[in-house]
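Below: one structure in structure tokens.
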Amino acid sequence: MDKILVIHGPNLNLLGQREEDIYGKMTLGEINAQLEALAQKNNMALHIVQSNHEGEIVDVIGQSSKDDFKAILINPAAFTHTSVAVRDAIAAVPIPAVEVHLSNIYAREDFRHTSHIAPVCHGQISGFGPQSYILGLQALGNLIKNS
Amino acid sequence: MDKILVIHGPNLNLLGQREEDIYGKMTLGEINAQLEALAQKNNMALHIVQSNHEGEIVDVIGQSSKDDFKAILINPAAFTHTSVAVRDAIAAVPIPAVEVHLSNIYAREDFRHTSHIAPVCHGQISGFGPQSYILGLQALGNLIKNS
Amino acid sequence: MDKILVIHGPNLNLLGQREEDIYGKMTLGEINAQLEALAQKNNMALHIVQSNHEGEIVDVIGQSSKDDFKAILINPAAFTHTSVAVRDAIAAVPIPAVEVHLSNIYAREDFRHTSHIAPVCHGQISGFGPQSYILGLQALGNLIKNS
Amino acid sequence: MDKILVIHGPNLNLLGQREEDIYGKMTLGEINAQLEALAQKNNMALHIVQSNHEGEIVDVIGQSSKDDFKAILINPAAFTHTSVAVRDAIAAVPIPAVEVHLSNIYAREDFRHTSHIAPVCHGQISGFGPQSYILGLQALGNLIKNS
Amino acid sequence: MDKILVIHGPNLNLLGQREEDIYGKMTLGEINAQLEALAQKNNMALHIVQSNHEGEIVDVIGQSSKDDFKAILINPAAFTHTSVAVRDAIAAVPIPAVEVHLSNIYAREDFRHTSHIAPVCHGQISGFGPQSYILGLQALGNLIKNS
Amino acid sequence: MDKILVIHGPNLNLLGQREEDIYGKMTLGEINAQLEALAQKNNMALHIVQSNHEGEIVDVIGQSSKDDFKAILINPAAFTHTSVAVRDAIAAVPIPAVEVHLSNIYAREDFRHTSHIAPVCHGQISGFGPQSYILGLQALGNLIKNS
Amino acid sequence: MDKILVIHGPNLNLLGQREEDIYGKMTLGEINAQLEALAQKNNMALHIVQSNHEGEIVDVIGQSSKDDFKAILINPAAFTHTSVAVRDAIAAVPIPAVEVHLSNIYAREDFRHTSHIAPVCHGQISGFGPQSYILGLQALGNLIKNS
Amino acid sequence: MDKILVIHGPNLNLLGQREEDIYGKMTLGEINAQLEALAQKNNMALHIVQSNHEGEIVDVIGQSSKDDFKAILINPAAFTHTSVAVRDAIAAVPIPAVEVHLSNIYAREDFRHTSHIAPVCHGQISGFGPQSYILGLQALGNLIKNS
Amino acid sequence: MDKILVIHGPNLNLLGQREEDIYGKMTLGEINAQLEALAQKNNMALHIVQSNHEGEIVDVIGQSSKDDFKAILINPAAFTHTSVAVRDAIAAVPIPAVEVHLSNIYAREDFRHTSHIAPVCHGQISGFGPQSYILGLQALGNLIKNS
Amino acid sequence: MDKILVIHGPNLNLLGQREEDIYGKMTLGEINAQLEALAQKNNMALHIVQSNHEGEIVDVIGQSSKDDFKAILINPAAFTHTSVAVRDAIAAVPIPAVEVHLSNIYAREDFRHTSHIAPVCHGQISGFGPQSYILGLQALGNLIKNS
Amino acid sequence: MDKILVIHGPNLNLLGQREEDIYGKMTLGEINAQLEALAQKNNMALHIVQSNHEGEIVDVIGQSSKDDFKAILINPAAFTHTSVAVRDAIAAVPIPAVEVHLSNIYAREDFRHTSHIAPVCHGQISGFGPQSYILGLQALGNLIKNS
Amino acid sequence: MDKILVIHGPNLNLLGQREEDIYGKMTLGEINAQLEALAQKNNMALHIVQSNHEGEIVDVIGQSSKDDFKAILINPAAFTHTSVAVRDAIAAVPIPAVEVHLSNIYAREDFRHTSHIAPVCHGQISGFGPQSYILGLQALGNLIKNS
């Protein structure tokens, strides 16, 4: 079974109750359940972390190759635009990462159009709500298969 | 059967022989074959257009709602960064669009980090090679189902 | 009879069905009919072109002095912000041009505030819906009379 | 009879003697006479103000809805590029305004390409010399009719 | 009794009838009455000036130390973003000033995020509607007490 | 009793011993005592948090509506200029927030003139030393009363 | 006798009592007396205006050629950086102008490094305190002689 | 015989009649004749294309390696500054390209100082009128010989 | 014995296994051992902290003067470019700090050329690999001796 | 007798034969003769240097206080915009300097609007042709008298 | 025989041993020999200067019309991007100049894309290695013939 | 014995008498003596050059590999921010260089934050006064040992 590290960035714990017009009605728990279901079908094991702490996210990424993860699925949320530390962490570990966003960040405020994270990821998926995660996990499955 | 308009922007006719380190070895014909296979499984009919002419792409998008397309899957390629006309065309028709890119445009030259197209699309998928199209078509299938 | 070249840029063929809150309900055919009526009253003959192709617009402008047009009335639409070729074409022919816009481009997105075309035109009229064309044609009539 | 407020910004009192290559030979009095003639034909009454004082222009605009003006025709001249106060005044009153310029401001110095006023006006007409005013008054007549 | 100079910048005379969603329903007279009431309670005497003329505001500030004012409460409105003269006037007199705004200027257009006035004031209060003035007057009372 | 969440950002624990010319001599304990005194008079209960950890501040804001806080008083300190996560947290909860600063951030280094937080707050108060908090709490009291 | 128009911009009425470290101890009256003495020696007659009102300065410049002034000596003060109207007024009259500044504007805040006025003046003198005026008047005397 | 693809960009069909002070009096036909003469002397065969259509230029470049061209000589004219598609086409084919300009683009408007095309060409020649083409063809001859 | 606080910023725990071409092969443990050896020779005691948490670094710096540290040696890593909080912490404590970097940050991506930390440090050393730390500790020794 | 160092920057040796419309017809020898005459009248001794070598100008300035010069009169010409070394030299010596320019640098190309030298000079005089030097020497005389 | 001034800017003396991947293997001596050979064939006499000193290059250009040179061929190397003095020297003499570069400066670092020299030259040739000089000399020959 | 080239840029000859608050009291002679002492201990021979002439510095660097220097220690002073020629010289020779600064350039004016030299050096040391040189020489010693 391929182990995948799934990271939810800051404020994603509030999904379902937070600005529903932007982020939708589904809670993080429901998203995680969908991801788990898909993972099971594809013989993957997910390790899911949500944190509002940049340092915790850097910690878990830095630890990821020791923990034998095959890939990282990350929604960096607000850290997308402000965290060089998360960027450096992803660049530091020899594991492919995929960046996902619930909302279409290119249709929002200017400061959300720039990602510190994207240049060190394999690819980026933005704007499909919870389906962004589903597509991201499929993309990772494919990357692992072809690596 | 849901009809989907698939648009390949400029120079994508050269895939497979063009800068393989960036764009990969698969030809456009092979990508289209993969898309057709997936479409068939999902009861979709694809209308596929490749053009190096901005005007032709604007024409076909402007015509799309009359042609009863349910959604648009577009890799605008170079027009991503230069064409307001393609942007305005997508905004002008009441059909959801998804933007895809073979390469991770955020890991390339600065001028490729800005998309005129993304703000008027439902979402964007970038960096997964031919699988970007596959993921984009899946995303569209979901959008149509939920609309 | 003074011959006038009237150019409608990309996506204007969709008028009446496209983002009505921005562009209004009148179709391009109806606008052209209004223009023809005014032209007839002022003893002008209109040659009307709509194209989504930058190259066609450049072609017809470049040909305009040979075709003995006295003036150009142009709504460059999206090409306003992206086409140096249309700008150079207008600068290349010894015929006065007037730029018109249906919407007030200065009340929209930032990228619509800059016109490549305006510096080589005689003047610009923006924001009056179909009446922008009417005013533009009157302005041209005056220019021709005084030249 | 529809009452129209006509505002001439700073230095327009010098027309006819000021930089004739840019602003032409007609004096402000002659322009006003042309406007009055057109107004009479269209059953409009003009109240014409010229001021070099931003504050006076703000005063008269702020007073305009009490004075029962139906529309404002304004050539903000130098204040186009520097006055947020005039902008805010126009935005504060529920009356459509049209901005006009004698010269083509987009063919002049860079700092003249930006208008604080345009985004709160109905439209802008630039570059036709005194005819800019005539076209602007026609545009206003149409706006009043359709409102 | 401490004499305080209260300055209302351009267009604030229109309060209550101007863009109510931004500036609220209270008139300037009502705001002044609230300020007078608070001043009386705190043994302050207010000299209140509203002007749409930058020059008048510069005049009254320049005169303020001769007039024995202990402090200045100013809502520079549009002059916030355009007037170096008001800034220089405040810097020129040895009296503490407080800048207030009805609306949250940082949640509005980009050009409203920059204040020429703030760097020479003691502090700035923005976004609380008429209460911004009340808070500003309290802040001034405190400054005078501690100076 | 209305419960209010009071948040002190990074380095504010050092008040009284840190750059006294900028931040003054009062310690955070003394500021909190003043706030508590005012709160008691106004029948408010304060929950006061100081943290140097962005994640802790995001946590406590995200939790605030569950904890039944009526409003947030926040001095984001250094996070003002760097934290999109705190911004998103405030935007995510349906509770009014007020941003305060001890120093006049507009009279300091350029990078301190931009606030990620201000656009999602009700208002901002800057430059009055410890009184900024007092004024902010008063502003919040008023907001709660009027909501 | 050559008539010279001398213009002192906003806040210069406060000289001698205003920020002495920047502007020195001499009052405007004393500067004017020095200028009058020099003028008398050179057979010039000065018309001296100080105003905090941009409009008044524009008025007097626009009137200057009718009033038969041979040259303009102007310290635009704060209007240096904000007034296109004063610039346009100087450009509109066929009289040479010289711009002077008491302080070295290039050794002060960034926004003081840009002058709207300088490009339409004959020359600029900055940084010599009251002597800037003296030098400016000498320069004008020379310009008149050589014209 | 080495086959060379020669591309003339938009509006170059107007040479000889277009802004002679910038572009000179020679027609495109005359330039082509000069190029043919030089080619013949050097045992090269030219395929010459002029187009106002970006898409046609992209088509012909994309086709160039199949057509067995040894090199490309291109004057992209207005597309120099706006076309990423032409840039990508040149980068996509394994053939050396040389960019030429009739006028010295660095002595003209600011927007003409930036070339999307230059970074993917072997070199650039600008400012020598028709001789720019002659020099470019010589440069290509040398490149082919040394490759 | 002089106590020195040594701070290693985010991801430095991964040294030796992370992008060896940029950061070298030495582990953090080995670097610390080298520093301890040098400290011992110079009669210094080191307190070494590595953290991926901005808040922890701010905490330990804020605590440093109470803990009687004589100086701070810090490699802020990614926080160099994003943390105003760390900057403010260093400015808040009356202890000299030296900033070090393993790689030459001026030879890397643009965003790494700007340091929030440098302006509040005594000096900066960049590009010498582990020796940057050694040089930094020597510099601190000298600073302490001369203070 | 007060010794004054007069420095003429690069290309000023060509005066009289160089772009006469910008720099006038007077040669450097003639300007120097005028300066010498004025110096003699004011009991000053001039040491005049012209150099096209930045290093020579830095040398002579660095040497100036040893050579007992009381002041520096400098036309840095092209070095105005490019030489930090000349700036640092002037800042390094305890002698007042005055910067002069023949042409009005603010009415020329954008890059000539910025002076590295002005912020470290006492003042700047620009635009009066050879008289700029005369005025500058007078200004220096006054500075020496008052110091 | 036409005399031509050939100028090689800084570091070009190191050709052949300096960064061969950018500048090639040919030494400056070899390039000069090629130029001399071509000159002889075309009845030109070359005066060749290489200097690392901006001042020497300015000197020799300023002297060029006295020395009866018919044209200047210059590779300004690093001075391309930093020397206004060289630019002004070329503009000061009535002799056509051509700028050449060995490498394609538009395919290198951003700061190499801007030339102070190009706007005052007749044309620019960049990217052809030593052949850039050969092409430049041919261009000059043509210019002289046609002048 | 390893030969080291030590370069002191412009104005450093004035050390000890120049702006002591920024550069300290030590003369260049004293700094050189310290460097010589350290060199002797480490079996290095120093060749020390101070020059205010960019060209001389470029000359000596270009000559350095022929002169068999093992490394370069350079304080480029003002040339740090303006000299591409010095940068290119360092890049042109196959010898490691270290850049040092007496003052902390990141705590000074904005234009001093950018170094043309740093990207081609091995590392940079800034802010430690004369000790910056000492640390730089130690760094070089280490580089030579490990190369």
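Per-chain residue numbering starts at 1, and chain names A, B, C, D, E, F, G, H, I, J, K and L are given in the order in which the chains are listed.
We take it that contacts are C-beta pairs under 8 Å (C-beta built on N, C-alpha and C of every residue); 3 or more make two chains touch, one makes a residue touch a chain.
All figures in this text were calculated on a predicted structure; none of them were measured in a lab.
Colleague: Counting one step per pair of touching chains, how far is chain K from chain G at the shortest?
Modeller: Between chain G and chain K, the shortest chain-hopping route counts 2.
Colleague: Select the interface copy of C-H from among C-D, B-H or E-F: the correct pair shares over half of its contact pairs, counted by residue number.
Modeller: Of the listed pairs C-D, B-H or E-F, the one copying the C-H interface is B-H.
Colleague: Decide which interface, B-H or E-F, involves more C-beta pairs in contact, and give its chain pair.
Modeller: E-F
Colleague: At the interface of chain C with chain H, does the proportion of residue numbers present on both copies reach over half, so same, or stay under half, so different?
Modeller: Different-residue interface.
Colleague: Could you please state the distance in Å, as a whole number, between where the Cα atoms of chain B are centred and where those of chain E are centred?
Modeller: Going by mean C-alpha positions, chain B sits 54 Å from chain E.
Colleague: I'd like to verify one number: the distance from the centre of chain E to the centre of chain J, where each centre is the average of its C-alpha atoms, in whole angstrom.
Modeller: Result: the chain centres lie 47 Å from each other.
Colleague: For chain C and chain I, let me know how many angstrom lie between their CA-based centres, rounded off.
Modeller: 63
Colleague: Do you know which chain H residues sit against two or more other chains?
Modeller: 53-56, 82
Colleague: What are all the chain pairs that meet the touch criterion?
Modeller: The set of touching chain pairs is A-B, A-F, A-I, B-C, B-H, C-D, C-H, D-E, D-G, E-F, E-G, F-I, G-J, H-K, I-L, J-K, J-L, K-L.
Colleague: Which bits of chain C are touching chain D when the two form their complex?
Modeller: Against chain D, chain C makes touches at 104, 106-107, 113-115, 118-128, 131-132, 135, 138-139, 142-143.
Colleague: Contact residues on chain B for chain C in the complex?
Modeller: 53-56, 58-59, 62, 65, 82-85, 87-89, 91-93, 116
Colleague: Any idea which chain A residues touch chain F in the complex?
Modeller: 9-11, 13-14, 17-19, 51-56, 77-79, 81-82, 111
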